[in-house]
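So, here's a batch of structures to check.
Each of the next two complexes has subunit A plus one other chain: subunit B in the first, subunit C in the second.
== the complex of A and B ==
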């Protein structure tokens, strides 16, 4: 995969998000999570090409409304598409059916082509909707929304901790790599490189763990008893209701197209 | 290793979700609040590992580290990996949403298996033997994950069988690299902070 298309941590700073406020941010975080789940379920279960194209158009519209960073979003979506390119390209040739064209003597079936198209449309529609509705929340808000949606406490805590450590470990990793570079270490495909990276990861984990122990002690000093208090009371407003009705109409249209 | 939305059939999606849910439930039960930060660290490490691209031939592979996570966490690998996969999907569009269950199961089950298979070897008296078991754990976790990914594809339709086979072959070099890296990491952790790999032992008592 080309370097530019790899997903990188640079655009996400853990609790903060480089994201312009948009109409989507006026929606309740819980409503956004539920909306994406419903949308994903309908999209993944339908097979009508018309409905799927409409779903992709819908999520594109959502991405526009959410004012997603165009370049960053495009990079992520293309990275995902490249990821499954292999699978998609192979499908027309491995699915039996009516041949429509030949490549190097191999027949490509229409059924396979349709199936490949379906997968592409589904994957892109779901990812765009996910990035637009949930990816625009801070990870902390997402954690709180999940807690309000009755996701087990421990899992939510774990997520909040992980979000915090992502930043810490990411910085530590960069620092140690810079130190290695200063000592003229170049990553190559040999045992020395792999061993060095293994030591780097070991050291990274040890450093981070010691840090996490200090954090735990500090939290206990302040009376932590295994509970975070969620102070934000999330409330559904008229905007959420309007959005919910719109989404319900859109989803019933998709289901209708699928059943026809 | 991540499968995207739309590729798998409904029974595979539902089955994966149910199995992952079971694993996460066991993991959460075995994990107490005092160990949350440690599990969080490893969950974050899995996330960071996917940035670490090692050159290999004309292309590069990124680390997965589910073997190392399994060795350190045991069953708690399930919630740790679920959280990392949720964050990757939501904030980076990496993987999919409804396939989270399948993806979690495919990556976390090998981690748990490695914990039971290689745990004894890791605490061996000789550091060399321990590193060897670590390498074995790292490599076999990738092998098992690849087999599970291939199986989820193959179960979803005849047409995927070729792609499933290709996935298996493509991951042989990844196995090799991951084995070396995990072995070295285990060697270092044993010498610097052996408690790290004993965390889960304490958990078994409570």
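== the complex of A and C ==
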């Protein structure tokens, strides 16, 4: 049962959210990671508006095939766009070039506008593809896929342990925060608040450190000697090969548009 | 106690599983928590280890499996002297340690992976380890938990799964650090029934006298850095009940 790579702030409860089974789930997790990386690389390096629009259309199609939840996906894409909004709004006014219109006496250049458009297209195309192909895996599957792809062990373990303990640490934070509230603490913009929040974060770090030591002890007690074991055999199937060929053709098209 | 110990010894004709002599340990700012402590654990015993908070009960268990290094004294476990880290690797495999907080113990994403972690470390093949993990889960009545996500289990479930992860290594001794902590009545009873059905010798740290009374065959109290035999808190169902009724 795949559970999407979901999270909301401090809680990984979102992992329980189910996503609908789709054709994407039949692809090998490794193939999905590699595909997204190749796609992102090509998209980020291209500057042709036509190619970028096509890329966005392609990732929209992927999102449809992956049967992404419309509301949840929109919320995430918009969150990212808001993050970039400032940059996009500023670019036409800060890039020198042919002015096409003026706002409050400031000229907006065509080059800047094109640049802003490019960035928007690139970011949305890559994020949609990521959500469709990688976002539909569990964090654990993603970790294992990365391990099978020979990503350094340390990074993979860092990710898997983060997934496992994010909620535990999040709960510790909430518990301490509630204990503070129970003693009438209200967050204000004053030294007392800042110091208290500083203590809270410091305490959280200390607790996490102690917990990591206990986890290490518990692992040693079960004979841990520096090795982890992966259970899932990941096998490439005909579906993956077909998807790979399709993607390669699509990417060639994107690159080809650029050379024209 | 000595008499009882000797008679068990003679009856089984066996050396103690764990045997510590003159063990001492001190924390930098807390002073000594163990001072010249002697202790033996024999096959079939279930030893209750009680004492005030911070008396060093957990420290003693940590010393037994080499997670902390004793300042003085000897530890013999399963017939050999143990002092270096490499000696304790075997001890840890044969003495299963159940931690206070199951969240410390269950670090794998899924239950099956977690229970199979120990057997894999013991050098079993993947198929054997998975088999062993499934059997252990089934023997504890945890069938169907294999693919559950560890951090989404309830407190009682986490406790049972962490016990499974220890039992999967087929230990000869169990070291239980406050096993009944934070369990509701039902989960506590289930744990108690499970522990009673296990053949392993155990050391049980607990503040739950009623729990210990049903389980323990011998009582020890650690206080002021000394380990002494203590009287069992007699089975007192009435008192036990009375305590649980809210005032």
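The rule is simple: the second predicted complex is superposed on the first by the 243 of 260 C-alpha atoms of A that agree within 3 Å, B and C clash if a C-alpha of one lies under 4 Å from a C-alpha of the other, contacts with A are read in each partner's own complex, and residues count from 1 in each chain.
One rule holds for everything that comes next: contacts are C-beta pairs under 8 Å (C-beta built on N, C-alpha and C of every residue); 3 or more make two chains touch, one makes a residue touch a chain.
In this text the structure is predicted, and so the values were computed from the model without any measurement.
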Can A:164 be said to touch subunit B (first), subunit C (second), both, or neither? both
Examine A:218 and indicate which partner it touches, taking first as subunit B and second as subunit C; both and neither are also allowed. second
Does the superposition put A:64 against subunit B (first), subunit C (second), both, or neither? neither
Counting touched residues of subunit A, say whether subunit B or subunit C comes out ahead. B
So, does A:229 touch the first partner subunit B, the second partner subunit C, both, or neither? second
First (subunit B), second (subunit C), both or neither: which does A:44 touch? first
Is A:74 touching anything from subunit B or subunit C once the two structures are fitted on A? First, second, both or neither. neither
Could you look at A:140 and tell me whether it touches subunit B, subunit C, both or neither (first, second, both, neither)? second
Under the stated touch criterion, which partner chain does A:245 make contact with: subunit B (first), subunit C (second), both, or neither? neither
Residues of subunit A that lie at the interface with subunit B and also at the interface with subunit C: 1, 12, 139, 161, 163-165, 168, 215
In the complex with subunit A, residue positions of subunit B that touch it: 2, 4-7, 10, 13, 24, 28, 31, 33-34, 36-45, 47-57, 59-60, 63, 65, 68, 72, 79-80, 82-84, 86-94, 96-98, 153, 158-163, 166, 177, 180-189, 192-193, 196
In the complex, go through subunit A and note every residue touching subunit B. 1, 6-9, 12, 36-37, 40-41, 43-45, 73, 76-77, 79-80, 83-84, 86-87, 90-91, 94-95, 112, 115, 118-123, 126-127, 130-131, 134-135, 139, 142, 152, 154-155, 157-159, 161-166, 168-170, 173, 187-189, 191, 193-199, 201-206, 208-210, 212-213, 215-216, 226
Mind pulling up the subunit C residues that touch subunit A in the complex? 62, 65, 67, 89, 92-93, 96-97, 99, 101, 103-105, 107-110, 112-113, 116-118, 120-122, 126, 129-130, 147, 149-152, 165-166, 169
Please output the residues of subunit A touching subunit C within their complex, sorted ascending. 1, 3, 12-13, 15-16, 138-140, 143, 160-161, 163-165, 167-168, 211, 214-215, 217-225, 227, 229, 231
